[in-house]
Structure formats: C-alpha cells, structure tokens
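You will see two complexes here that share subunit A, one where it goes with subunit B and one where it goes with subunit C.
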Partner chain A sequence: MRREATQPARFLPRAAVVDSAIHRLDPRVKVVAILTLILAIVSTPREAAWAFVAYAAILVLLVAIARLPLKHVFRRLLVVLPVIVLVAVVLPLYGAMRQGNPDPTSVVAGADLLLLWNVAAKSLLATLSVVLLASTTTVPDILSAFERLRVPATLVLILSFMFRYVFVLAEEARRMHIAIEARGYGRHRLGRIPALARLAGALFLRSHNRGERVYEAMLSRGFNGRIRVSTDSKLHLADTLFVGSLVVVALAIRLMATVAWR
Partner chain B sequence: MREKRGRPADWLRRNPPVAASDSSPAVEVTDLHFAYPGCRDVLRGISFSIHPRESVAIIGPNGAGKSTLALHLNGLLRGDGVVRILGLAVSDRTVRDIRTRVGLVFQDPDDQLFLTSVGQDVAFGPSNMGLSRTEIDERVSDALAAVGMDGSENRLIHHLSSGEKKRVALATTLAMRPDVLILDEPSANLDPKARRRLMQILKSLPVTKIIITHDLPLAYELCPRALLLSEGMLVADSTTPEMLFDQRLLAANDLELPYAFGPQARAEV
Partner chain C sequence: MHIPDGFLDAPTALATGGVSAAAITYALRRVGRRLGDRTVPLLGLLAAFIFAAQMLNFPVAAGTSGHVLGAALACALVGPWAACVIMTAVLLVQAFGMADGGISALGANALNMAVIGVLVAYASLWLLGRVLPKNSTSYLLSVAVASWASVVVASAAASAELAASGTVDLGIALPAMLSVHMVIGLGEALITTIIVASVLAARPDLVRTFDWARLVTTRGRDGATEPVGLGSVPKPRLRFWSFIATGLVIAAALAVFLSPFASPSPDGLERVATDTGFSSASTDQGWRLSPLPDYRLPGIDSEGVSTAVAGLIGTTFMFALVFALGRWLGNRWGKGKAGSRRTPTSARQAE
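And now, the complex of A and B:
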C-alpha cells in the first residue's frame, strides 16, 4: 500500500516542491507565455545566433527566479540528447549523399554544421521552456489552464484521464510482469516475447473493462457529457505583467532576428 | 493519522435528507429480473423494501448478483420489475434525479476517482447537479471533513493510500448529499486500521445504507438487517445476528463466518 502511494512520484515533475514568484503565477499566463516563447524560438532563423543567446538568457533568468534545482533541470534536458546525437551521426552521410562524394568524413560542410546547430539550439531551448513550465505548475493546474484557454474539452479530458490512469496501468503492468517472472518465464530473451505480447493484450482488455466501470461510476454521479475541471480565479497584476513582458520580449527578439538576418 | 476536525457529518445535520413522501420506503424492489445479453439470468425475481435510515447488509457468494442488484438501484441497469427510490420509480425521466438521491460507492476506488486531484473529483458530482461555485466548494469541504480528509483538495489522487482513496471515493458521493448510500465491498483491500476508520465514518452517517460485503463481521457491526442473495434470488431476509449464526443457512449458500467467530473457536476457549 505504501509503495503504491509513493512510487509514481518518480514520474512526476517536482512541481510545487519549492515555491517562487514563478510557481505562484496563474497557470494560464505561464502556458501562454511559454507557448509564445517556444514558437518564437523554433521560427527564428538559425543564422541569428545572438537571438538564441537572448532566448537562453531569458530562460536561465526564469529558471533562477523559479529557484529550480540545476540537477533537476539538466536531467530533464537530457531527453533531447538522442535527437541531437542522431542528427550529428546522420549529417556526414547526408552531406555525402548530396554531393555524390563516397567519403563521408571529408564533406562536413559549414551548412551541415549550421543544421546541427539549428536542431541542437532549438530543441534544447524549447525543452528548457517546457521543463520550466512543468516544474513550476502542477498537472491539474496545466489542465485547468488548457480548459480555460478554450482548448477543446474532449482533448483536456483525454489528457486528464491519461495522467490519472497512466500510474494505475503502470502498476497493473508491473504486477502482471512480476507474476509472469514468478512462474519462471524469461530465461531466454526470445522466450519472453509471447508472454509480453499476452501481457499487452491482457492489459488492453483490463483497461477496456476499467473504462466501462469508470463510465458507470461517472454516470452514477450524474455525468451529462460535460466536465469542468477548472476553478475560477482572476488574473493579478503580476500575471499580466509577466505574460505581457515575456510575449513582447520574445516577439521583439524574433522580429529583430529576421530584420538583422536580412 | 491526523484526526479529523470535530465535524464528522455536520452537513447532514444541517441538511437532513428529504424524502419524496415520508411514508414511502427508501428503497423498494418488486419482482426484479435481469439477464446480461447472452448469459443466464443474474437476478431472478427479487423483492424487498428498506426503510429510510435503515442499514442493510447484502451478503451472498460470488456471482450471486449482488453488484448487479446495486447497479439497478440507481438506474445504471434496468431489468424487468419495479425499483422505487423514496417512492420514485426508476425510469428514463427520473433517472437523473434518482442518481443524485442514491450514492453508489464502487469497489475499486480507482474506478470511481477519475480526475487528477481530490478536490476536482469530489466536486464532479455537485457540479453535475448544476450548483453554484460557492455551494460546490462548501459541499466539497464538508464531504471531505465527513471522511476525515479535510484540507486534501489539492492532493493528487495517485498519491493517496488505499484507505485514503476509499474515503475520498465515499466523499465523492457524500458531496451529492444522497438519501441512500450503497457501498460495494467497502472493506476490500483495506488494512485493519483503515477498515476500522471507514466503519466509524459509515456509522456516523445518518442515511439509508446498503452494504454489499463478504466481510461478515462488518455486516454484523454496521447493519442490523441482512439480505442473503444466492443465484439471483433472495434466500433470506432477517436480522443480521439471526442470519450469521444460522450455520446451516450460511453453509447452504457457500458462506461461513471467519473461523475465529465460529462455534469451533468458541469451543476451543
């Protein structure tokens, strides 16, 4: 019982562990500001290196204000590493192919390095933005922000169900896996495959049945097709200032990047 | 565990349940038949009636039709026969009203608690009733207080222990202020302390209670009356002690008291 209660914690962004001005902002404001920032980042021309430095400076400043532990931030940034490595590995081959040159090592041209820089900078900065949002806002708050920002209700509900039941499913899968191992399965890797396939099938059936029971429980509490998960709250001055200044600065950098590059 | 702050069920005392008409039984079932498509009959002619504020246990072996019966009491299933709640027959027209009068607590709290935070989930029922925000908030905090979970509105459901989930599941129906409370296996998967806690809460609630359970000591303690269901039929309807000490009746229906409460154990002392 106890382990069930604490185990999912490792999946969780450690939101609300620390408190800061950023944590206390209205979730809607954070969603809008971060989304604007990400759009600005990914659409900035790659030649405008100074713009990426500026975005990075803003994000680092926000992370500092939010007092997020650096270790936490770095660990979460590692997600993008495979993408960057993949690009780095594929680039020489790509260059070779384009130029019809059989020796891939000789042709890593400036344009290719620029491509690598582009992917690396944009993915790192965009991920950092998301980490900032996820680490300073609880999931229910983000969902409620989506709802109040008029994201379609069905979509919000699907996300909400996913967040609620991913832990239940993971726990169920873990138990089934243990039960399979306990009966001596898995000596050889290949021998595991049929058992794992059945596990996936059983998990699907169980989820389907659970879905029916959940729906029954919803009906018995008067479900009529609509769910409102958000609570009402008013925007404060700090919220307006935050979203206003961040959006203006991000758009300004984005605009100047285009002008300067031309 | 933190003790709750004094007000176990204030909300009920402030708002006593109102019956449609005082003389009508809380639950009245007449000749109820039901079969799932392609299966043998699950309910085969069940009739009984339960008075307001009565606590009744429904016991019986697995597959006797207990949970199926519960789903009929708030119109989730409709069989042949009549189900009346506070004098109101379950029909398409009344079913929404009936679902606010009958609170059903499911066996697995993970089925019942489907939103992400405790406060949201408890607010789900009241918001479906079209109440105002302030009234919803009041009901949420009252219901959580009634189950000793006050102040947990912002906790995430998947961070709760089994016992806490069970109590929050109960709170989600209490927030609708039902006249009739139906619990399916309330003590399943609870450790003795959590079970005791839940029983104390149930005892403190002055509503009509129907408790479906294999936990015969719990039935004995909470319900003066018991119904015994077997193979879709009502086999016995009597006081709980009478039923639980009728060894022949229990044995004939694949039930038994825990060894420690049975005559053998008493003979050993």
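And now, the complex of A and C:
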C-alpha cells in the first residue's frame, strides 16, 4: 500500500508508557502549575535573558524527573519551528522598512534580533511546558482537571466524547482509504483529491449516524441530560508541594525579571 | 495559522481571549437550546469528525500535502453556532494534546478560526444564498466562496493580532499572510465543496445551511410540488468550471478593489536600493521597458484607476498562466501514466 493518508498516531495518549513522580501527580495540580509557568514565561520582558535560562532549567529538570524520551520531546518541539523560521526570514525586511536604515546588517543586529530571541525563546519554552503536560497526563485526566477547574461542563463533555470517538473515526477513515486504494483510485496524483474528499463526506454521514445511535443508547440507559462524574479525589502532600513550589518559583522569577536584574 | 505562545503580548492575548470566551459561551447556549440532550454526543462526534478530516492528507504537488482547516466545512454542515463549539473543541485538543497553537494564544486562535472563520463562512453563505438562484449548484458555489473567504479573513485576523502585539509590522504580515492564504484558500474551497457536495447527494437534509425546501419546486402541468432531489446535484464537470470562474472573479475583484490601497511607499527591496544608492545606477530606462512599469499602465492618468487596471491585468495573466500550466502538466502526467496503467480489472482480464 502507498503512503498512509490518515495518521492516527499523531494524536495518542503516550502518557502511560513511562511512570514517574510527575506522571503520578494529580492532573489538576499539573494543569495549574503548567499554566502558571506558561503565563510567567510569556509575560517575562525580553531583556531578562537570565529568566529564560532559569525557566529552561526548571523545565529540563522536570523532563528529567519524568524520564521522557528525548526523541519524543524534540519531535514535539518541532511544531513551532516553521513559525520561528518565518519570523527570522521576515525580520530583515521588517527592520529595513521600519527604520529606513541604509545598512541592512546593522538593522538585523539591533532590536530585531532581540525580537527574534523573544519570540523563539518564549514559544520554545511554552511548547516544552505543554509537551511536558501532555506526555505525563492522559487526556481523560486533563479533561477531569478542566472540569474541576470550572471549564464549562458541556464543553468538557463534548471534548471527552470527541476523544472517545476520534480513534474510531480515524480507523473508519483508514479502512475506507484502503478500500479506495484497493480499487485503484488516484493513479493520477490530483485525481486522489475528489476521492479523498468524498471519503470525508462519507465519514461525516457515518459520524452523524453514530452520534444519533450513541444518543439513543444513552437514552435507553436512563440519560436525562446530565452526566455525573465522581469528584472524590483529594490532593496529596506531594501534589500540594509540587504546585506550590512551581508556582512560587515561576512567579519569583517573573517578578525579579521586572523589578531587578534586567 | 496556529499562533504559538510568545507571539502575542498580554493585552492582545487577554482581549482576544475575552472576546472568544464570550462568543463561545453564547454559541454553547444557542446550540444547547436547539439540540438539548443531543448536544454532547452529537457535537462530540462531529468534533471528532472534523479532527479526523484534518488528518486526511490531500496531495498538493511535489510530494507535499495539506489538510483542511474545517471552519467553513463545519459551518456549512452543522450551522454557525455548532461549528463554533466544534472548532473550539478541535483547537483545545490541538493546543493541549499536540502543542499545536499556544496556550496563551488560545483565545486568539479560537477567535480567528472558531469565531471569525466560522462567522465569515456563515455570512458568505447567507449573503450568496439571498443573491444567487435557489438551487444546489449555486449553493455549492457559495460553499466554495465561503470557505475561501473564511480562510483568508481568518489569516487577516491572525496578522492583525500579530501586528497589534508588535511582533511583525502589519505592512509585512498582512500581504504575506493574505497572499499565502489566498492560494491555500483555493485548496480549502475545492475540498470543502466536494465534501459538502457528496453529503448533499446522499443526505441533503443533514446539510444544515442548505435549505432543503429549495429543492421542492413546482414541476409538471398540474402544478403539484415534488422534490427534485438528487437530479439537481450538479455534474462534476460543471462544478469544476464554475469553481474556476468563481476563483477568477474573486481574484479579479480583490485586485481591482485592494490594489489601490496597497502601500504607496516603496517595498522593502526598493527602499534598501534607494537608501544604499544602487537604485540611481538603474536608470528609469530599464523600468520603462517593462509592460507594466511600477504596476501602472502608461496612458492612464488617475493613479488609483491605473493601479487597479494593472492589478486586474496581472491577475488575469497569472490565472491564465497557472491554469494553462496545470492543464499542460495534467495532460503530460496523464499520458505518461496511461501506458503503464494496470487497473486491477485490466490485470485480471490479461490473465
């Protein structure tokens, strides 16, 4: 068979592969801590280079504790690379236009390099934080954390249904794609586009039918419009310590970056 | 078009986050009122569908592939408010599960793709639905226009947010993003239109923005109403040509209306040339030889009109060039493959 058109592997809960102290933390704690860290990173003034080094050190430490495979982390980090490269390409043009400076090299060396550094450091560190969260927490856990952190319940339930069925639909799409290939569609490269698009149309019909069936199945099991989720878990000492220390350290770095040590 | 973390400053992130949170809360309420108990299972499945549809890689050219954004697709199939919720769910999963699009930029990304992208698509569908004749061909045409417009406007919104944050100057970000996404939008329009057409052929009642009653027309001498139904779903050939024509009309309209507003200051390279002094080396003589010197037509006095006409000519020329190239390459590939083509049936017959 030729190259796969669908890649369900791009979206997988890899969390359960390894176990570590970070993996075992309460998901609420991880979501809050990582969100705080990201907000601190993003809002830090660009001149405080040491602060970014400190953030990076914290993140590397956490990745080491979580024993994440480095290859996996780096592959996930590549997501932001195109955007950074785009900015790097656009910068010389930007500098020349804004300042009207006769010498392009001096323009690039000036404030624009700081801008590139700002964008690159922040996006890489923030993405690393998200990768850390996503690789140490299963999606259902993240969703339960969302729910208890007061994200609208309907949205969380939609997300959980989406997560439950996305693999089913991806598998269905893969089977239909094999059927298309087996019947010899798409010898011509562009000829595959209509066939794939009709596949997506068929997938919509099947998703819709499945949605109706799931709803009827829920009704027959006594669904009355509300879904109750057990909310009995308590925070352990380790959870409190983790979220407390990470939030305090992140905010301390953020504060010092503004007040002193520019 | 996913903005990562670090590209937006705090005011922009907060403002976009506030607007999208409000819009999504409203959308959830509207959807809940319409679907009731069904909301969760149905929208969950449809969000999974959009996510799976984004996983389908469509071959573009030279080994690259692209996928649909899906805002207009969701809007056409399930209506604007449900599409808003679905796209938000997809963006949340992308941001938290795949690190695609920043957490602090989530508000901006949701605003661009889940709110603006969807609402622009809906506005186009609504507007064209009023103007165009009521049949499925013109509905599919409006789907094509809507998906193109949603991609382009969403990219314009993204560049406006980046410019507001001081990351990139609007004068650079807007033309760059627009020109790239005008091309990407054509692919989005093509794929979205075929998907919607295939759903329309099988279950026209499920296409939310398509008025099923349109197909019920008076036919026959006794004036009895009967559904015309599947017979009026257009032939692919016709769709292809109308798609090309629409694209040309839109591109031409943009060229005419937007080019006079393009930056009157010299572009980056010209500016550098003027400043470093090597532009004096190139005398005016060289420019005059070009058929459209400085994107203007000789002999037309008004600068705006002249630029617009030049833009129109340039667009038409580019369109013809790309089209001719596409046909030529298509024929060449078709011929090259035809000799060696062995479909399963012909192979079996040969044995």
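Going forward, the second predicted complex is superposed on the first by the 232 of 262 C-alpha atoms of A that agree within 3 Å, B and C clash if a C-alpha of one lies under 4 Å from a C-alpha of the other, contacts with A are read in each partner's own complex, and residues count from 1 in each chain.
In the analysis below, contacts are C-beta pairs under 8 Å (C-beta built on N, C-alpha and C of every residue); 3 or more make two chains touch, one makes a residue touch a chain.
Quick caveat, the model's predicted, so the values are computed rather than measured.
Colleague: Quick one: subunit B or subunit C, who's touching more of subunit A?
Modeller: C
Colleague: In the overlaid three-chain picture, which partner chain does A:131 touch, first (subunit B) or second (subunit C), both, or neither?
Modeller: The answer is second: A:131 touches subunit C but not subunit B.
Colleague: Looking at A:221 after the superposition, I want to know if it touches subunit B, subunit C, both of them or none. Which is it: first, second, both, neither?
Modeller: The answer is first: A:221 touches subunit B but not subunit C.
Colleague: So, A:83: does it touch subunit B (first), subunit C (second), both, or neither?
Modeller: Second partner only, subunit C.
Colleague: For A:247, decide between first (touching subunit B), second (touching subunit C), both and neither.
Modeller: Neither subunit B nor subunit C is touched by A:247.
Colleague: Give one of first, second, both or neither to describe whether A:202 is in contact with subunit B, with subunit C, with both, or with none.
Modeller: second
Colleague: Looking at the overlay, what does A:161 touch: subunit B (first), subunit C (second), both, or neither?
Modeller: both
Colleague: If you stack the two complexes on chain A, which partner ends up touching A:139: first (subunit B), second (subunit C), both, or neither?
Modeller: A:139: touches subunit B and subunit C.
Colleague: Of all the subunit A residues, which ones make contact with subunit B and with subunit C?
Modeller: Common interface on subunit A, subunit B vs subunit C: 5-6, 8, 139, 160-161, 163-165, 168, 210, 214, 218-219, 223-224, 227.
Colleague: Using the touch definition from the top, list the residues of subunit A that touch subunit B in their complex.
Modeller: 1-2, 4-6, 8-9, 138-140, 143, 160-161, 163-165, 167-168, 210, 213-214, 216-224, 227-229, 231-232
Colleague: So in the complex, the part of subunit C that touches subunit A is made up of which residues?
Modeller: Answer in residue numbers: 3-8, 10, 13, 24-25, 28, 32, 36-49, 51-53, 55-59, 61, 68, 77, 85-86, 88-90, 92-93, 95-100, 102-104, 167-169, 171-173, 176, 190-191, 194-199, 202-203, 206, 236, 268, 271-272, 275-276, 330, 333-334, 337, 341, 343-344.
Colleague: In the complex of these two chains, what residues of subunit B are touching subunit A?
Modeller: Interface residues on subunit B, with respect to subunit A: 71, 74, 76, 96, 99-100, 102-104, 106, 108, 110-117, 119-120, 124-125, 127-129, 133, 154, 156-163, 172-173, 176, 191.
Colleague: Across the complex, what residues on subunit A touch subunit C?
Modeller: Residues 5-8, 10-11, 35, 38-39, 41-43, 76-77, 79-80, 83, 87, 90, 92-94, 96-98, 100-104, 115, 118-123, 125-127, 130-131, 133-134, 139, 142, 152, 154-155, 157-166, 168-170, 172-173, 182-184, 187-190, 192-194, 196-205, 207-208, 210-212, 214-215, 218-219, 223-225, 227 of subunit A touch subunit C in their complex.
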